[in-house]
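Below you'll find the structure, written out as structure tokens, and then a few comments.
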Amino acid sequence: MVIPQTHRAVFALAMVLKTIHAIDNGLALTPQMGWNTWNTFACNINEDTILGAAKALKKLKLDEYGYHYVVMDDCWSLHQRNATGYLQYDPVKFPKGIKHLADEIHAMGLGFGMYSSAGKYTCGRYPGSLAFEEKDADLFAEWEVDYLKYDNCFNDGQSGTPLISFERYEVMSKALNRTGRPILYSMCNWGEDSPWDWAPTIANSWRMSGDIINVFDRYDDRCPCEDYICRLPGHHCSIMNIINKAAPLGQKAHAGAWNDLDMLEVGNENLDYEEQKLHFTIWAMVKSPLIMGHDITHTSDQALEILTNKDIIDLSQGKWGIGYRSYKKTNSQLWLQDATDNSGNMVIALINNGEKDDEFTIGFEDIFLDEWERRKAGYKVKDLWTKDDLGVIEKKIKIKVKRHGIFVGR
Amino acid sequence: MVIPQTHRAVFALAMVLKTIHAIDNGLALTPQMGWNTWNTFACNINEDTILGAAKALKKLKLDEYGYHYVVMDDCWSLHQRNATGYLQYDPVKFPKGIKHLADEIHAMGLGFGMYSSAGKYTCGRYPGSLAFEEKDADLFAEWEVDYLKYDNCFNDGQSGTPLISFERYEVMSKALNRTGRPILYSMCNWGEDSPWDWAPTIANSWRMSGDIINVFDRYDDRCPCEDYICRLPGHHCSIMNIINKAAPLGQKAHAGAWNDLDMLEVGNENLDYEEQKLHFTIWAMVKSPLIMGHDITHTSDQALEILTNKDIIDLSQGKWGIGYRSYKKTNSQLWLQDATDNSGNMVIALINNGEKDDEFTIGFEDIFLDEWERRKAGYKVKDLWTKDDLGVIEKKIKIKVKRHGIFVGR
Amino acid sequence: MVIPQTHRAVFALAMVLKTIHAIDNGLALTPQMGWNTWNTFACNINEDTILGAAKALKKLKLDEYGYHYVVMDDCWSLHQRNATGYLQYDPVKFPKGIKHLADEIHAMGLGFGMYSSAGKYTCGRYPGSLAFEEKDADLFAEWEVDYLKYDNCFNDGQSGTPLISFERYEVMSKALNRTGRPILYSMCNWGEDSPWDWAPTIANSWRMSGDIINVFDRYDDRCPCEDYICRLPGHHCSIMNIINKAAPLGQKAHAGAWNDLDMLEVGNENLDYEEQKLHFTIWAMVKSPLIMGHDITHTSDQALEILTNKDIIDLSQGKWGIGYRSYKKTNSQLWLQDATDNSGNMVIALINNGEKDDEFTIGFEDIFLDEWERRKAGYKVKDLWTKDDLGVIEKKIKIKVKRHGIFVGR
Amino acid sequence: MVIPQTHRAVFALAMVLKTIHAIDNGLALTPQMGWNTWNTFACNINEDTILGAAKALKKLKLDEYGYHYVVMDDCWSLHQRNATGYLQYDPVKFPKGIKHLADEIHAMGLGFGMYSSAGKYTCGRYPGSLAFEEKDADLFAEWEVDYLKYDNCFNDGQSGTPLISFERYEVMSKALNRTGRPILYSMCNWGEDSPWDWAPTIANSWRMSGDIINVFDRYDDRCPCEDYICRLPGHHCSIMNIINKAAPLGQKAHAGAWNDLDMLEVGNENLDYEEQKLHFTIWAMVKSPLIMGHDITHTSDQALEILTNKDIIDLSQGKWGIGYRSYKKTNSQLWLQDATDNSGNMVIALINNGEKDDEFTIGFEDIFLDEWERRKAGYKVKDLWTKDDLGVIEKKIKIKVKRHGIFVGR
């Protein structure tokens, strides 16, 4: 059977999503969802803060929308390993131990995530796992950990070429596999050495930039790169900075192996309603893990509305390919996402990153990039945020988008 | 005997083409020509589709113009190697086996091309040849394969410096040589790590960019580089994007070792007549392999006219050096190609990549770049597409070129 | 206890400064201060010049402000090692030996600094320590050296990737530690291979650019890079050149591990009073080592006033985080520095690098970058150079700054 | 004794020139001078052409001006090594052998230069020395070779990081030293991997760009880089292209270890009188080897006048530091060169690379860059091409320079 030229791209992607997963732990077939301690608590974590967050997640029924993992970030251990070289949890913070914490979280039907670093120290300068990978993986498996966020600080110069970074992160990948327990492996090397090229065979996701900050769009010297190739990923990266870096990388992800755009800033101060919707939509479309970072015990109604938009979550977890950008102009960007169910459906998202509300016209030549035949048809469009039906459009579509807002139609 | 200064460049090239070939398999002394399954069929291949294409190629007498190889791309194997570590063809797609397919193709007087990847998996996630090079080369030789396209997906971080990439691709080069069967070795590492510097001693051709798409000239985030040094080659690279990347690389090719600009998009939708002629001409001038990618069983008359222009094919297969660019302006580019038969002949090609038909004047100072004496003479010019005789020109030449078109004079 | 979102950044930094130091020698918990021979004497050093400088430092009571180390730079040795492979001091320059010199300096209550290079030769082409690290460290410890400046010349190609540079500098780090004597380890590899990523676990400070020159702001081919990623660091780097390179790097430093912006040019010709104050302020704010380089025996009153401004020295040695830049405009830059004592105090510094005196308005949105709540309050401001009290400001601050000058308010 | 601040730069350089040479063969204490076969004869060399050139060099008395080496470039050998792995000269081109040729050249009082490549093949695809370094060095010493130009073609991926390139070129350096015969080692790796950083300890000179062409200033795709960091050095590099790349590199050279800007194009067509003087002057000022490349048997009077200007040759061979550029403007560049004899003398050279004759004013602030005191004095100036005395100038100097010309005053 001949596949028509016009469906080539869609076909290729559909096929890929059905076949084997490069890292054979069977996890993250859709991007992982959950919550992480760092952005709210930083080092100030303990059993109560974490269980409190897990309970809030349950109470808000966020687990029913897919938010499954409660991830404990840095600063959970003592500053020294024990006499036999194992990490030790801080008994002041965790009087009943980490295993107990995992049990409690499992009892709620949630997954439990752990943190370490592929370095001599973690970023908070606790002991790192470099040269202790097997011991640490064994301990995490014994504690029934379901997820490992694995950072990049203090790596003793073991970066700078893809092979050096690959080999460093591969050691933990193998150590986790050897335990026999499926543990989602979330690499956090900030996009250094192009992990999208080599992480898919060893990890379920990889960070592709420096750390996010709750700022929409501002250059910050602490996140100096504008490009996905970056020698100083840093932190204080704005939403738009990360979106621009992510645009070329979607092609490298597939089921079980995702680009991670860092945690969500939905529900944090500094970002208005439009900005938060834009942020959440693009994270979903490019199939980044959706890990909340706000103080979940004080989730506003607005934040909850955004985090539980089923149409948007479907872009992440449903039968859609990975979103890609059609164009980037001074004040707007057009993003596209193809269905993988052979329906021919398509999502279009128009970002208004300008400083005022505006109207935009999108021509079909910017939607069907290399499929001229499809430009001739008409399509029904629905707004995925307002749920409005926009009727049938032909040749072009005209829409109003608020300042720092997004239109998402399907 | 003193070689006049004015003929220095031509002389050096002529000499080079007569001497030894760096990779000693005696193949691709001129750039290989043929057809490949991927752009039409992607993974949906089987014995019938491939033999159907081979028969169409014969019926159209394309073999008489030099199109010799029928190359089977990705997705021909099972997802597992057999118990002794050998690749296995998919018996549903190839009920009579690959050897039978090769025999049929050989019976038509054509060459048979195979595909694998220098990685853990192929790009379609079938088993790759990394760490299995000798077994796979032996199997390919046993199947009487004539050509290997060797891809770059899932290479486990074994890229990033020329030496790492060289060593990875050299293993297969040696394995192929060891079989005793001459197998044209077509490297496909998308120009990563400057293969033009190190591939000439181990391969017959090397891709120099990301994958081509049937678009004349449009920036696409999935092919984000504008330059030949590129850390994310990607795909959806337009014709002009590839031409611009190729311009500085011609100097690195020689007989038996060619820059590969990727498959031809002649005969595919989206490109008009002018664009297809431009595309085919430059591919011939820079001595890229000429591998068709359209649905050959539905070749239009227009596509056939282009693919069988003997004057243009002669630029690829005849006594001409490798084309190089004289200048690049906003809406035009001038390309040159020197004869290697000491005739002093020269080809000039003027690209109009602007958005309207236009007239251009080319001064001799842009044709005879470092040979001032030759600027004083007059030359007879023939248009290689219209076959018009343009008479004798002096000092400059004035020509009209259509939007997205090319003038090629000799 | 929940840490309010608004204090996240300050909190994280405060924590870091209290915990362990990556290089475990307990030194440079605040940036080192002192004086170095090179910029005044180059190779023309001897016992008298060095002791003369040490005495001048004491006489000016600079030690009471924190200037502790007297560092002897290149050219102190003979051109050959001795028969057993040890370095030999030049007996003409040091008739009583180096140990005697160290004793004299210790007797003044000062620390004594030594120089060598991680190469075959030093930059002045005396024997370097590459492959002799243990012998040299032992000798330095025997001489009771307190500080080692370790240069990068003639390194036999052992640079170009972080790992190669890390391993080269790590050898000396271990050799120094092995001696049992705490010796401050001051790496001088000019920012090659991103030392901020890998030096913190092995050194107390690392140079982050080429050598400084006493010029405020002039491009010089001998210091060709404008960016912190640089393949030819060179020398003749102007004050503003180094400031611009340093801006993104502050995030990588912490107690015991500092970015070194090179020696101070305070007190040298070519820089006017405003330029010197600007230079000294930023060096203090980004917590560079403060190593004087002028002819200390001829210190002008103006230079002394600058070098002994306690408010500015406090930015380097007191309870302040590492300064970072808020913005860079054509003629001005805004730098910020957060207190680490939970006082919520902040330092703002406005650089006028334009060619005339000017007035500037700084909005609170450029001061409290990701803490919107703090933008609503009022703050008392004091000028750290004039000591003027500027009263309480709200929403914005308006200030006049001289050409090439700086305003520093707290 | 205190060295005045104002003389620091001059002093440092003077010292360097007096001390040891990094590569201990005692050669090239000033930049080597001579003639090379390639640019005139390419592969068409034999005993007669080479001896003919040597005789012409003697007849023109060029040896009395310092032109000492006659260098035989590529294509002197057979295409195969002999049974014991040694290179064999081509007996048709050299019926009496290479040793005889060397003897003849020595008999004229000249030095004899040989060619090979640090690769599998030479650039002309004859056997290269990679993996045969000791055999080849022994043979060259046996033939009494005085000089080796060592090229970079077909290096099997052994480039891309400084260490890989260093190690490859170091093997030959050691092999040459081991022979006991002083052989000037002229590295030709086209500036790949920053040889100025690592070649000074193993070679007497290193090429810093792609190959020169006899064109004053034209972008050519075959020499695509404008910068000294370049991944595709290529050839067809214009005079101005090379000058711009060389500007930051002078700081890396010293006695016995020079940046090589490639062969002279003086005496070739395409360059006018002004362009040739400019070219020769800058090559001398930056202390590049001065290796003629024209057809020396047909040397014009004009070419001879240029090549034998003693004032200019003195800039290369006399007591002068390495030239550096003060500024680069659209149509002009100012170059400076300090005396090393403590005379305080200085050379200033003003390039007019604009398209018309013009008048230029040079302020003293652009001559005495970091020595403000010297700006106050007056200086006598002499034109080194016209020999005119320009009298005493103060504060600034006003001069007329022809299109593509140079003014050199001392």
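Letters A, B, C and D mark the chains in the order given here, with residues in each chain numbered from 1 onward.
Criterion: a residue touches a chain if its C-beta (ideal position, glycine included) is under 8 Å from a C-beta of that chain, and two chains touch if they have at least 3 such contacts.
Keep in mind it's a predicted model, so treat the numbers as computed, not measured.
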{"item": "Given chain B and chain D, the chains that contact each of them", "value": "none"}
{"item": "Angle (degrees, nearest 5) of the CA superposition of chain A onto chain C", "value": "90"}
{"item": "Most remote chain, CA-based centroid, reference being chain C", "value": "B"}
{"item": "Equivalent interface positions on chain A and chain B, same or different at half", "value": "different"}
{"item": "Chain C and chain D, separation of their C-alpha mean positions in angstrom", "value": "39"}
{"item": "Inter-centroid spacing, chain D versus chain A (mean Cα positions, whole Å)", "value": "55"}
{"item": "Of all residues in chain A, the ones touching two or more other chains", "value": "161"}
{"item": "Category of the chain touch graph - line, ring, star, complete, other", "value": "ring"}
{"item": "Interchain pairs in contact, sorted by label", "value": "A-B, A-C, B-D, C-D"}
{"item": "Chain C-touching residues of chain D, taken from the complex the two chains share", "value": "1-3, 5-6, 8, 11-12, 15-16, 19-20, 22, 161-163, 165-167, 170, 193-194, 196-198, 200-201, 228-229, 247-251, 324-325, 328, 369-370, 372-373"}
{"item": "Residue ranges of chain D touching chain B (in the complex, touch as defined)", "value": "39-44, 49, 79, 120-121, 124-125, 154-161, 164, 213-215, 218-222, 224, 231-232, 234-236, 268-270, 295"}
